[in-house]
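Two complexes are shown next, each including chain A; its partner changes from chain B in the first to chain C in the second.
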Partner chain A sequence: MLKLTNYSVSPVLENLNIEFDVGRTYIIMGSNGIGKSTLLHSIMGRPDLEVSGDVELNGENINEFEVDERAKAGMFIGFQSPTSIPGLSNFQFLKQALNTKGTEIRETLEKFKGLSQSLGLPEGWDKRNLNTDASGGEKKKNELIQMQMLNTSLAMLDEPDSGLDVDGIKALSKQLNEWRTADNTLIVVTHYEKLIESLNPDAIIVLKKDHVVGGGKELAQKIFAEGFDSV
Partner chain B sequence: MYKNLYSERLVDSQTGVASYFKLEDLADYISSSDFIALAEQSGYQKKVPGVHNHFVDNLMYLREVGIPNNKHEQFNFSNLNKLKQLDILAKQSQYDPVEALERFEWVAHQEQSIVINDSVILTSMDLGSKKPFGVQILDNIKFNKQKQDEYIKIIEPTEDFRNLTYALTPFTNVIIFPTGSKERYYNKPLNIYYENSTQDPILEANTTIVDVQYNTKVKINETVKAQAGQMNYVTYIVREDAELVIDRNTVDCGGWGIFDSRFVCHPGSKVTINFNNEGSKYSQENFYFKCSSHVDINVKGRNNILAGNEYHQYVLVKSQNDNNKSVIDIKNVGREKANTSFIGKFDVSPYSIGFNGEMNNNNLMLTKDTKMHTRPILDIHTKEIECSHGCTISNINNEHMYYLQSRGFDKDSAKDILVESFLC
Partner chain C sequence: MKDADINAKQQYADGFITDVVSDSFPPGLDEQVVRNLSELKKEPEWLLDFRLKSFKRWQGMSEPQWGELDYEPIDYQALSYHSAPKFFEEGDIPQEILDTFEKLGVPLHERDALLGLDTSKPKQDNLIPTVAIDAVFDSVSVATTFKAELEKHGIVFCSISEAVQSHPDLVKKYLGSVIPYTDNYFATLNSAVFSDGTFVYIPPGVKCPMELNTYFRINARNTGQFERTLIIADEGSYVSYLEGCTAPAYDENTLHAACVELITMDDAEIKYSTVQNWYPGDENGVGGVYNFVTKRAKCEGKNSKVSWTQVETGSAITWKYPSCILKGEGSTGEFFSVAVTKGKQQADTGTKMIHIGKNTKSTIISKGISFGDSTNVYRGAVKINPGATNASNYTKCDSLMLQDSRALTIPYVTSQNSTATVEHEASAGKISEEQMYYLATRGFSEDDAMNLVVNGFCKDVFQKLPLEFAAEANKLLSVTLEGAVG
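So, the complex of A and B:
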């Protein structure tokens, strides 16, 4: 699905080799400032990051792909602090991203409303400005709606639990578990034990500056008990 | 314009490039002793001595002050050099009123619509039927000499382009919304089109007075299309407890234009202006408000200035008495090589206690070769007021671009969305 070879992002990450298989769920952990968010954004093609090495998506080298081309190929990044754009409504934004026209608009709106309701977002969320005057938790939920509606096959979520209350975490786990299929790959940066438990990941990846440590759920448990230096 | 200049002397005086002149030549000519003498002999003005004397006084004042330069506060950032370099065709085919009527014949079949072209007013048929309490149009001096004499005095001598516009238009048209019309023209707005009669680089000018009478509520949809040169000077009189809403849409049609709007706001009146402008070869849009007391002014502009265009703006709110309120909210987007400027001024007199003013001008530069200026001026002469301003110039936010691209928008679409949301 996604393969990183000799992958470096200056100045934080050096010479990483990681392969993410289709239909699997991965948790990325690592100490503060090690480059977890940078890794996800570099994979998405963020233009201000200096990257070397190769990125392959479904066997195709996407090094030269622009951000939007990566998105159209099924990649999605959930931002840790989603950007606010006043003057653009949540639904208008999605409608344009999906290029929805004519009779499809009603169908798309219904799906949007269904998802926002299931995540506990307030009535009229579709008309609210994109991530403007919203709480941190509401923004995160909005990212989840986008992820599910934008034909995503590889979702990379950067601390999706931050800002969410207890009910929000439950709704997040439920949505992610429902979204996961044999065709969808999920990469989540998180340090939240309960979320890791509920997602039941296929692998835990601990990011170090110039290598990664991989393992099962027990790796996460060890980190929670003894810290990052123990692995 | 040419039909109003009484003489072909201007054309005769040209040497070399015989058929073109510049704005300064024109101003020099119409403020010259020769022209003033011609104007004094003119039969048009003599019919109403008050109008005639006022017009000649203005010509003399124009001779004294000339056309504006960048030292004038409101033109500090205006690209007047470019304006002065524009060619104006001196000689066009003989003005034929029948031809003009045919050109704007379409307006006759519209509803509640007026075309204003080079001081001529053409109306839709429903406005011509003179319904009770309907809009009244004083088409220059033909109909009501006494009223013309009374109205013309409201046009005061200035040091900006209004002098020149007035000098080019000895016919001043008056549009009156009588008190009896109540909300008729609010529920069904009046449409006014400012258009040129040709795409030849001529200059056409209009001086108009719009009188919204006591306790009347009016909405006007204005469409401004400058296919050639166009200078408009409109004085809106908004009388006691009247309300005027203007939606103005200015489209770039390849010409250039100066639009001066002056508002004389009587106590308890309310004015709301929503406008958008694409800029043009040269575009200057000015609003001058003179507020008595308890006046409410709202100015909202959303200008998407197209590549290579000029757009310069001056907004002056002069608060003369107590409890006036004004909100100015103008956003400009400048595309490649566009040149824009905004100067906003609150001029609050010592008697203007309780003034509440908010001035915002936000500018978005889409490229590095765009020029944008903004200057807020608060000239306050009393203590008991509330006044604020926020003027910004920024580039496209890279974070926003990345966010939109990460949702599948290509660069151009992402830029368009950001412009749209900025102007929202």
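So, the complex of A and C:
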């Protein structure tokens, strides 16, 4: 589904080779500053990152794809600290992103309200401005709504649990578990044991500077017990 | 993206020229031209006197130099001071002119004006139109719609030339009462040579049932447009007035020096909205409209209110400060502005709020957006006179800059009453890479992302525009921003 070959992002990551399969869930772990966020953003095509090597999406080389083209191809990144856009309401933003028109608008709004309600967001969330005057947790919930409403098939979430309260984390894992299907691939950067447990990932990938260590859930358990140097 | 690329994409959809036979005065300005103009319009003696004393005054004045503007001196003798399409003899409007306004989206036939309504709903026979239009082509008003409908309410909506004949007492009483003929260089020139414009009178207690719209079109080459608008809202009345402007893309600069005077009596309200899209000139700064405009309102009556809302995207040079004299006790003045400049455009715009009466309030919200090599200045004055007990003002000026553009905020505040409160907030910023990237990750192209950010930036002003105008402003803004991403 997503394949990185001889993949480097200057100056943090060197010569990585990773393959993500369709319909699977991956947890990415690694010590602070190793480049987990950088890896996700480089895959999304953030223009200021210096990348070498190849990225393939569903067999197609997307090295030259712009960020918006990658998004249109089904890729989504959930930001660790989402950016605010003053004067642009949450729903207006999604409506424009989906180019929703006419009778579809009501349907889209219903779906939006359903998702925001089940995440415990306040009434009138659709009219609130995008990530303006929102708490850290609320911004994270917003990312989750966007992930589900946009036509995402590859979701890369950068610490989606940080800033969320207990109920928020429950809602997060519930929605992620519902979203996962045979066609949807999920990559999550997290340090949170309970989230890893509840997602029951297919693989754990531990990021090192110039290689990766892959394994099952037991790899995460080992890290939690003995630290990153143990793997 | 380089400046050249941005400007290559600079679009001005309304830049076409209408081929119509016109009667124009030969270029030049002297006392005889003023007399000829007055005679052509069969004006009464008092109006000729008003023009002549203005002209005399103007001859001894010089152009103001304080604006942050840089332009070649205007040759006032090279301009024609009257140009009218030939049709009055036949008593009919040439098809070319009807087509022009149609092309600009300004329907003159009454039936077509109904298009302002939501057409998805079934049409009823008794539909009330939402917009009445006065269309001004060069120096004359060519058509005014829905006059009969408005007359039922006692509302006068006609060209000012017509009002001079039909309502001389009102015109005589109020013309120059807000903007004295001595006011400033351009207003004094306008007082001498104004050609046409709109006159509105709303009788006591009447809420005008539709939006009144004047559409100004400059067509003739080397002609100055000097329109004069006078709106009087009598006690307890209300009117929403809209103004739109375009001009062909000529290589020569065109001078537009208008005067707009508004008067509100007790409890009356005027909402005045402008979408100004005069030709801005080409990428090298050749051509474009010089827009030197004096707009002022006098809140004469108690608890009266005037709201100026403007979206300024056009003109090579904009020099314009719609202002309010808050004389009546408890009166309110508002100014909401979005000014966009790109290429070589220069805008020096803002407002003046003069607090005279007790408990007077004013609000100023200004959004300046500048691209390319343009200059965008907010210049505003808030003056609290000694008698303005408990007066309050709130000012917020935000600017958004891109590329090598310049944005300046110049506020002047004078308070002579210790009970008054004056608040001023200002911000200046650039569209961040982070915002553009975030929007790109959601699938937005650069142009669309820019549009979203800029629209969000302008939101609190766009919300003040009447619905149909807001849509037009949005559309205009997105055309203006096309390819402006750096």
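Everything that follows uses one rule, which is that the second predicted complex is superposed on the first by the 231 of 231 C-alpha atoms of A that agree within 3 Å, B and C clash if a C-alpha of one lies under 4 Å from a C-alpha of the other, contacts with A are read in each partner's own complex, and residues count from 1 in each chain.
To be clear about the criterion, a residue touches a chain if its C-beta (ideal position, glycine included) is under 8 Å from a C-beta of that chain, and two chains touch if they have at least 3 such contacts.
What you see is a predicted model; the values in this text were computed from it and never measured.
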Original post:
Are chain B and chain C a fit on chain A, or do they clash, once the structures share the same frame?
Top reply: clash
**OP:** Return first, second, both or neither, reflecting whether A:Leu176 touches chain B, chain C, both chains, or no partner chain.
**Re:** neither
**OP:** Applying the touch criterion given at the start, work out whether A:Met29 contacts chain B, chain C, both or neither, answering first, second, both or neither.
**Re:** neither
Original post:
First (chain B), second (chain C), both or neither: which does A:Ala71 touch?
Top reply: both
**OP:** Would you check which partner chain A:Leu219 touches, where first means chain B only, second means chain C only, and both and neither mean what they say?
**Re:** neither
Subject >> Which of chain B and chain C A:Val188 touches, first, second, both or neither >> reply: neither
**OP:** Could you look at A:Ile204 and tell me whether it touches chain B, chain C, both or neither (first, second, both, neither)?
**Re:** neither
Subject >> Partner chain in contact with A:Pro86 - chain B first, chain C second, else both or neither >> reply: both
**OP:** Under the contact definition given at the top, report the residues of chain A touching chain B in one complex and chain C in the other.
**Re:** 44, 46-48, 66-68, 70-72, 76-77, 79, 82-83, 85-88, 93, 96-97, 146, 150
Subject >> Residue numbers on chain A that touch chain C, as the complex places them >> reply: 44, 46-48, 66-68, 70-72, 76-77, 79, 82-83, 85-88, 93, 96-97, 129, 146, 150
Subject >> Contact set on chain B toward chain A in their complex >> reply: 398-400, 402-411, 413-414, 417-418, 420-424
**OP:** Note which residues of chain A are touching chain B in the complex, please.
**Re:** 44, 46-48, 66-68, 70-72, 76-77, 79, 82-83, 85-88, 93, 96-97, 130, 146, 150
Original post:
Where on chain C does chain A make contact in their complex?
Top reply: 432-435, 437-446, 448, 452-453, 455-460
